[in-house]
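Next come two complexes built around chain A: one with chain B, the other with chain C.
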Partner chain A sequence: MLRSISAEWLKLRHSRIGLVLGILPVISLLIGCFNYYFNQTALQNGWYSLWTQVSLFYGEFFLPILIAICCAFVCRLEHANHNWNMILASPISITNLFVAKLFTVGMMIFAAQAFFMFMYWSAGQLLSIPGAFPIETVLWSLRGWFASLSIAALQLGVSIRLKSFATPIGISLCAVFLGIGLYVLNLGLLFPYSLLTIGMGVLSQKGLNSMENILFLLMNSFFILLFGTWSISRLKKKDIASS
Partner chain B sequence: MKALSLEYFKIRRKRIWIMLTLFLAAEMVWASMSMSISISRNASNASWEALIFSISSMNGLFLPIISAIVVSRICDMEHKGNTWKMLMTTHTGRNRVYAAKYICANSLILYGVIAQAVFIVGFGWSKSISGDVPLSLLLQFALGTMLTTLVIIALHQWLSLTVRNQAFALCLGMLGGFIGTTSGLFPSGIRHLLIWSYYMDLSPITYVYNSASSYYVSGMPPMGLQIASLLLAVIFYSAGKLHNSKQEI
Partner chain C sequence: MKNMSPPIVETQNLSKTYGGIHRVHNVNLAVQTGQIFGFLGPNGAGKTTTLKMLLGLIKPTEGKVKVFGKDLDRHRPNILNNTGSLIESPSYYGHLTGYENLKVMQRLRSLPGKNIDKVLKIVRLENHKHKKADQYSLGMKQRLGIAMALLAFPSLLILDEPTNGLDPAGIGEIRELIKSLPEQYGITVVLSSHLLSEIEQIATSVGIINDGKLLFQGTMQSLQAANKVTIRFKTPDPARAEKILQSQGYLPKVQGRQLLFTHLPDEEVSYINRLLVEQGLPVTRIEEQKKSLENIFLELTGKERSL
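What follows is the complex of A and B.
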């Protein structure tokens, strides 16, 4: 397993994916801060108001698409030059292969979330927001990361299935809107994209009670297992379309 | 013409039309929900102007991402299949292939813009919006959207053909969508520097709000911006074509 993971990291060398992982949180944060700065009379809730501005677009639109880009990216090399044939003929289990890819995407998203939180803290300091830094936002960010894993499990399955780099990202965009719809209808726990909205406290900063937190964790674990099993069994049973 | 027909031939099984239709359907469902809520709150919101403005503002988010995906799919097949070498051995020059791809991508988005215009008319009739269908406003809406699309596709084609890794092109599409959505927050001086805000700026409808009231104003989009977007399209297209033709395969 460790060798599979290190092979995945090796494939990412010189890919400059870090640039993509960095740019999107920076732009979301800059525009969120800009909006907060010019509307301070209406936004009176300090750190929480800043969170609503910076996390809205990031958590709702860009993080799910960033996850889709990362998933398509880690499958990109396999889709090129008949590499799937080589990978599937090598002496590593398909489960290891999938878990290594999921772990790699998970680490990339974790880095993006950590960077986003660091910038949120820095922006708060620069804007001289009164009061202590709210620790809940770190929890929201961690919950968002956990929800990202269930989206990543689904997107990885789609990216392994489809040769195109762009189509899984388009599918993710459509799923984002479906997720908003389900969140509005209070069915958010049933869809990974809505779980991200709930977890990151993007549209509501009420926070979850302990029962809701357990449900959130259970549903995410269920989705990770479900999509993981689906992708692994599909890879085991069906022929891969290698170009 | 042959190069163009070959582009359509190459994408015949890529289901790009279906994908585009699905994305637009998602946009239209969102637009119809938001318009229905807005009309149920205030009956005076049931106007053609409000409908066209709502679609223009949503285009700022959707069309940059959709354009990035469409262009990426059209260009990536040459990278994936290593077909540039093959293309160079034929009589078709690189510039002709570049032009064919550009026209092909724009025609796909044009199909989307026409579908949006049909949706506006259909939704307006279903909600019994008063007055005749504003054909001139719809035409200006389509023209403004296509002018912006010409620039954005030229930019994306440049990036998608010169950088093999499509993650960057899609990242730019996402940034464009973000800028397009938030462009209303910027002062006009900054907004006019960002092409993604032109979906709103070249729309024939403007929403004016002040402390006393808010209302829609219809009129021809500024001629200066239309010329600027045409010029930008020419610049990005030419620069991309030149860069692509000089690049080693």
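What follows is the complex of A and C.
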């Protein structure tokens, strides 16, 4: 397993994915900060108000797209030059390969989350928001990261299946809107994209009670396993279409 | 020549259908250890499909694949651990350098790092190892692909059209490299090509495939021997000549004014000649005709079109 992961990391060298990982959180944070800055009369809740603004753009739009981009990226490497032939003819199990890719995407998103949190803190300092930095936002971002993993498992499956780079990203956009719909209908726990909204505390900052937290973790684990198994078994059964 | 050891690659009634059409039909391959097995056939004959089935990249509709005497279905990781391959044009990560590409493979297969330098030297890319693979020429990409396949120094190497798209100098270079593999590293090579001349110069054994069917399999010599020479007798009255010869137990093929024989020893040639002349039939010409491999190949595949 370790060797698959280290091979995946090697493949990321010289790529510009790091740039995308940096830029998308910056854009969402800037938009959020503008909103906050010009609406300070309405937004009276300090750090939490800033969170509602920045996390709205980040958690609802840019992060899901970022996940889709990362997944499409790690799969595009294999779609190019018939590389699936080479990878699947190496003595690496398909499960290993998938988990290594999921882990890699997970680490990318973790880095993006950490960067986002750092910028949130910096923005708060710059806007000289009174009061202490709310520690629970760190927990929210961690929960958001965990929800990202189930989205990533789904997006990886889609990207392995589709050769196109853009189509899976388009699919994720549609899923985002579907996710908001389900969240509004209180069915958020049943859809990975709504789980992200719940986990990040985007639309509601009242937090989750322990029961909801457990349910959140359970549903995410379930989705990761479900989509992971689906992708792996599909790769095992299907012939490699590479031409 | 029967080999006592079991074949290193063996397929039994290997078939693959796409939408009811056979792309590969009941192919029974047997590659012996130490051979360079040339898999020859026109484009679209089913070569790549067969090679992919040998690696488990596509699943056969019917039939079995055995490599190293083991069932591919059950021992795939084990088999792949000892197999290198290059399928459908070279695979590489374009944004990585040649060296980094090999490094990815080395980590995946957990091989010693010194293998990288060794294969770079073998394919003569050591001076270009820090260039991005995207900037390589086609020949260099092909060599990188072979280096990646070779990295583990496997017992079996499967190369799909390894000289495709190379210039003559590059082809010669790759050819010499492949030829040296069985002796130097004990590697058995299975390679495919649509060019007879290629196979003729590299392979020790050959399998000819067309429309998914294996038409011939054996050593290069046996292919030539199987269709070696025809003797043609030209005479003004072939019909009468045929009758005379049939009464003596010969079964010539009549083609215009000519009578055709295959596998005819010298004594019989003179005997037939005497027989006809004694019956008052002039023999105006006796010709020996050697078929080139080209013709054998075209006859087998039934195609006069360019391959």
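The criterion applied here is as follows: the second predicted complex is superposed on the first by the 243 of 243 C-alpha atoms of A that agree within 3 Å, B and C clash if a C-alpha of one lies under 4 Å from a C-alpha of the other, contacts with A are read in each partner's own complex, and residues count from 1 in each chain.
To be clear about the criterion, a residue touches a chain if its C-beta (ideal position, glycine included) is under 8 Å from a C-beta of that chain, and two chains touch if they have at least 3 such contacts.
As the structure is a prediction and not an experimental result, all values here were calculated from the model.
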Quick one: chain B and chain C on chain A, clash or fit? fit
Contacts for A:Ser221 in the overlay, against chain B (first) and chain C (second): which applies, first, second, both or neither? neither
Among the partners chain B and chain C, which is in contact with a greater number of residues of chain A? B
One more residue to check, A:Gly170. First (chain B), second (chain C), both or neither? first
After lining up the shared chain so the two structures overlap, which partner does A:Ser122 touch, if you call chain B first and chain C second: first, second, both or neither? neither
Which holds for A:His79: it touches chain B only (first), chain C only (second), both, or neither? first
Would you check which partner chain A:Phe34 touches, where first means chain B only, second means chain C only, and both and neither mean what they say? first
Identify the partner contact of A:Leu24: answer first if only chain B is touched, second if only chain C is, both if each is, neither if none is. first
In the overlay, answer first, second, both or neither for which of chain B and chain C A:Ser15 touches. both
Quick check on the superposed pair: does A:Phe62 touch chain B, chain C, both, or neither? Answer first, second, both or neither. first
Minimum C-alpha separation between chain B and chain C after superposing on chain A, in Å: 10
Which parts of chain A are in contact with chain B and also with chain C? 15, 80, 243
Residue numbers on chain C that touch chain A, as the complex places them: 52, 55-59, 77-78, 80-81, 83, 85, 87-96, 100, 103-105, 107-110, 132, 148
Residue positions on chain A within touch of chain C in the complex are 3-4, 6-7, 10-11, 13-15, 77, 80-83, 85-93, 237, 239-240, 242-243
Report the residues of chain B in contact with chain A in the complex, numbered from low to high. 14, 19, 22-23, 26, 29-30, 61, 65-66, 68-69, 72-73, 76, 80-81, 165-168, 170-171, 174-175, 177-178, 181-182, 185
Within their complex, chain A touches chain B through residues 15-17, 19-20, 23-24, 27-28, 31, 34-35, 38, 57, 61-62, 65-66, 69, 72-73, 76, 79-80, 163-167, 169-170, 173-174, 177-178, 243
